[in-house]
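Right, one structure below, let's go through it.
We just call them A, B, C and D in the order they show up, numbering each chain from 1.
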Amino acid sequence: MSQQLAARFLSVRRQSETLAKPLSEADLTIQAAEFASPGKWHLAHTSWFFEEFVLRPVGKIFAESENYRYLFNSYYEAIGQRHPRAIRGLITRPGLNEVLAYRHRIDEAVNNWLEKGISPEQAAIIELGLHHEQQHQELFLTDILYNLAQNPLYPACYSLKQEPIAKTEVAGMVAFSGGLQQIGHTGVGFGYDNEFPQHKVYLEPYRLASNLVTNADWIAFIEDGGYENPLLWLSDGWTTVQQEGWRMPLYWVKRNDGYFSMTLYGLLPIGMAAPVTHVSYFEADAYARWAGKRLPTEMEWEVAAGKQPIHGHFADSGIYMPVPSNAEARESLRQLYGSVWEWTASPYVAYPGFKPS
Amino acid sequence: MSQQLAARFLSVRRQSETLAKPLSEADLTIQAAEFASPGKWHLAHTSWFFEEFVLRPVGKIFAESENYRYLFNSYYEAIGQRHPRAIRGLITRPGLNEVLAYRHRIDEAVNNWLEKGISPEQAAIIELGLHHEQQHQELFLTDILYNLAQNPLYPACYSLKQEPIAKTEVAGMVAFSGGLQQIGHTGVGFGYDNEFPQHKVYLEPYRLASNLVTNADWIAFIEDGGYENPLLWLSDGWTTVQQEGWRMPLYWVKRNDGYFSMTLYGLLPIGMAAPVTHVSYFEADAYARWAGKRLPTEMEWEVAAGKQPIHGHFADSGIYMPVPSNAEARESLRQLYGSVWEWTASPYVAYPGFKPS
Amino acid sequence: MSQQLAARFLSVRRQSETLAKPLSEADLTIQAAEFASPGKWHLAHTSWFFEEFVLRPVGKIFAESENYRYLFNSYYEAIGQRHPRAIRGLITRPGLNEVLAYRHRIDEAVNNWLEKGISPEQAAIIELGLHHEQQHQELFLTDILYNLAQNPLYPACYSLKQEPIAKTEVAGMVAFSGGLQQIGHTGVGFGYDNEFPQHKVYLEPYRLASNLVTNADWIAFIEDGGYENPLLWLSDGWTTVQQEGWRMPLYWVKRNDGYFSMTLYGLLPIGMAAPVTHVSYFEADAYARWAGKRLPTEMEWEVAAGKQPIHGHFADSGIYMPVPSNAEARESLRQLYGSVWEWTASPYVAYPGFKPS
Amino acid sequence: MSQQLAARFLSVRRQSETLAKPLSEADLTIQAAEFASPGKWHLAHTSWFFEEFVLRPVGKIFAESENYRYLFNSYYEAIGQRHPRAIRGLITRPGLNEVLAYRHRIDEAVNNWLEKGISPEQAAIIELGLHHEQQHQELFLTDILYNLAQNPLYPACYSLKQEPIAKTEVAGMVAFSGGLQQIGHTGVGFGYDNEFPQHKVYLEPYRLASNLVTNADWIAFIEDGGYENPLLWLSDGWTTVQQEGWRMPLYWVKRNDGYFSMTLYGLLPIGMAAPVTHVSYFEADAYARWAGKRLPTEMEWEVAAGKQPIHGHFADSGIYMPVPSNAEARESLRQLYGSVWEWTASPYVAYPGFKPS
């Protein structure tokens, strides 16, 4: 098991550096908003996680540890003081090379220790650290896009090797019978604490769209006056539309020759068959109302998703933007996994019986 | 004349790069406050100035000009749209190397053109550009200090080759007779538009301190409760003291073993004989009241300074922090030039008859 | 039916004026925060509701209607432009007497019309208007307390005729079996649109405390360091505790001789047996964690409450602050109705199948 | 002398109440911005001044004094804690009648004391209190206008008994020779501390317009694009024009049938011959540049004004808005006194040798 874990450790750790490689030190240093941490911070923070929870308990600490612990700790209030989140983008020292060297020291130390054999509890912590790092890889891409999108020159962070396939399956509705259903994590394999405990919910019968809402669908919403009609919006949503001057999704730009969007590949024409992204809850809710539908509840979504294979367009494909639904999709509900996050009507609250770990 | 100007052009332009050289791309990219522009921006902006006012009028424009004009224009509203000042720190592209290459292209083009011989009007514009660049060198150091000072590790930007001499002349008061005096620029040599026109002012007799206020003086003020006594402060000053929690000058830190200050050389113990810096107008005014003195007016200062040789500690000394008054000072008023900016009691307003250029 | 409705109309409308009577025109004009509307605004807005939805459809409009419609409309975006909520407290004209005269004109017109006999649909609108006005009576008291509490003299708005009884029943836990339950409004009698539709939910067995948390309980929480222990708080809650400097409930003041609270009767010593009030969701959640409990979900609360008689301490008692649990309580869960609003763990979201009316 | 002072005391004190009389308690309670104190606050604060500086030193204090001292003290930091300026508009208690009763108690006590005969030093303090109260009468009108102007119904505070005469003298330029001049207060009669000491200034020859800028002049500036031309504005001014969306003076409204202004008499058509009011320094400066002129310096204005009789349209005329220049004006520079405040190019700074009292 250790060997398999060691291989996975190496692979996940390398993926973070693969994402960072094409970017300059400056690209990885800046922070355009409190919520958009610098790329360098993500690289350091995910390493700090292994130092704090894996190496420190077995007595391995590095010279720079106290400073790094202060700078790269995040929400772990219990671990001690930490650097204010809003000014992470002002930390030019340690520089990128120092942070990469820190990563490598951590990698080597964890690897050495893995080779000696570890207990199942220790393996579980490493497993958690790898899921944590994968979450941060997702955030890394999200934040880099946000940080670079502030540049009026629309710089490209990556180069696009191939065009995504543009063919989409015909969409329809898929029916579910509801009734008393079990949701929550089964306990087999890794799960975050907030996926527990399994519990019963009662659902009325419902239907979900087989495909995600596309950019073409969204343009129809825009051009039908979706952003100008208060009756389509929740009250707070409408206030926000007016205060922020929302007229299209984040990163979109309208020009004489059509709609474009800032992406990790620079400014690109909107892909009509690709799923819409960078819309807020309020926009998703307004769209659903405009379409004569509603957002599903989290329970409805989870019950439906539980019946589908985990298959989709993930970051390891090397294409860091969502792609159209694949013609050969093996699922009745397409694109449930990969490509985009999906809005439900449910707020993020604990499952009944939840215990924080 | 052209040759002399060409030499001076080269020397001033090189000085900017000398200041930037020890800093990383990240150091030169960030901006910790709206007023603290990135170092890279200063490097680009001073080059843009020559492109805009020297090269563009004679038909030389570069491929990147439109973008750079937008990004690196500053207060010249008349030149067209410009990038919002508050987010200069988010421009990672063009990168440092591209900006340096842009500098070199400009240098070469100006130099070629200088070699061909230029008119006195054209020479005057280059002269203005060089003074402009020297002002920005001063701002560069000010802004780099501010930007790096946000790092809790107190990084050093430069390394200090030698300790500044700590000996200070005994201070006293120097008397001036006042009366009807001439102030403003004589018109001989370079002058900014706001140094004109020469005009008469009437002054009562007055006295100025021969030396600048030292850090030792300031510590006496602090320890006598200067920051806690509302009677010493202007009303707006006292409000600010309370709102901002001022207890000592900007960048100072008090530790068990004394006062320290963040400098371009990292965190250093306060030099007792060096002039105090990084104090606001309100603090200078309160200090003067505490000392039983007042700030001089601009007119008093200018009349006094006009009688002194221009001699002092400037940035070309390679020591980027103020030094104590030199024992061999040739002036009755020491340190009028170099080392620090000095506060007067006068607001910054136009001379009578001022015409903006 | 009309006669009964007319009597109820008169009674509810009079209650609003009874609440306003002891207050000065100035007390009823000010607004200390965007969320705390002036008392005069509540008096006018509840009258405007009847004009807009009852009188206007049958052709009765008053001379001042257009101005009042603009000033006293609230969230009814569809009705047209309205006066910005944040500056309701700057409307000194119309004055209090004019607003009271407007109320009386509306009362008379509605009454005349009721006497002529009305349809069930029209009766339903009046019924809605009366519930709307009763909601605003609750807001009136909430807002008056907030607005007057800004005065450092702690003025009393009302005079307390009798001391609330201080005896409280011994508290315990009451068990509920859960399972598949029906919640939502049955459709018999008045219901707001968000109380529909009835639907099934599945609950695990659970227990609720028989009594509300008292001020004595809360003081134990405070004195055990409840406000200083980050482990008791949700992350956003802990941030708020620190940013706002929370140390006790809103309106509480600690003095040498104990805890006091600003109330509608001025500053009073805390009543130990009375339920705690003016605590946020974050505080309620932290308290529950401290007590080794959790907040109930809305579904748990509603299923439990549906089995209890509607009985409690309401505003028509003339005592405008919460009172201790009554010794003769006929319920196993005491104080479910009246006295205070109660926090659940559930966010405010629509029931499945909800349709806005 | 005492009798004369007693008569003047009575007259000034009555004038404050005359200004307040037509306004409601609510009108006098609200505060629409931090700088616009409530009318009731002015009534109380001017009375507190006499209590603090006249009665308290001779041992007369009232029961409510401690609370009133806290609530109605203003910038006198040295007197102790005071109520935050921004929330003066939330003080509904003491009510208007209590504040008026407080005024009368103070009036009676001061009067009793005046009758007994007082020293010249005591008379000087009363004299200061009366000038202080007259300043607050001016602020009272300024603040009431600002506070009531937030009401979209444009209520009238006062009723206009007669139309101001609309005839204006032909305007021209008046020449002054400059040279070495004496300015500052002579010491004969009352003077504020910041009018001292007398001192010499040197002025170049200059000319001032004989008449104030009229509303007709200002409309010409507006319609010539004055608010859209950045070249006319100081840099900070132009930023403000854009941020605030300035297009005309404060309180002006443009309708199909012309320009109107909110006044203390409600919304009135602009009087073409009346001097323009409610323009900022930036606007005055831009207007002067547009007109091919400049603002005078304070020194120029003071030297010119010192040669003119004090004669003009003051508040005791009972017309609380500026009026056109009177045809029978006895001055070569008209409207120097009364009607409006005038902008100079000079910042507000102390005279050389100023000592705060």
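As a convention for this text, a residue touches a chain if its C-beta (ideal position, glycine included) is under 8 Å from a C-beta of that chain, and two chains touch if they have at least 3 such contacts.
Please read these numbers as outputs of a predicted model, since none were measured by experiment.
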{"item": "Chain whose Cα centroid lies at the greatest distance from that of subunit B", "value": "C"}
{"item": "Subunit A and subunit C, separation of their C-alpha mean positions in angstrom", "value": "40"}
{"item": "Subunit B and subunit C: spacing of chain centres that average the CA atoms, whole Å", "value": "60"}
{"item": "Geometric centre distance via CA averages, subunit D-subunit C, whole Å", "value": "46"}
{"item": "Multi-chain contact residues (two or more partners), subunit D", "value": "none"}
{"item": "Each pair of chains that touches, named by its two labels", "value": "A-B, A-C, B-D, C-D"}
{"item": "Residue numbers on subunit A that touch subunit C, as the complex places them", "value": "75, 77-78, 180, 199-202, 204, 230-231, 235, 238, 297, 345-347, 349-350, 352-353"}
{"item": "Residues of subunit B touching subunit A in the complex", "value": "24-27, 29-30, 32, 67, 70-71, 83, 87, 89-93, 95-96, 147-148, 150-153, 155"}
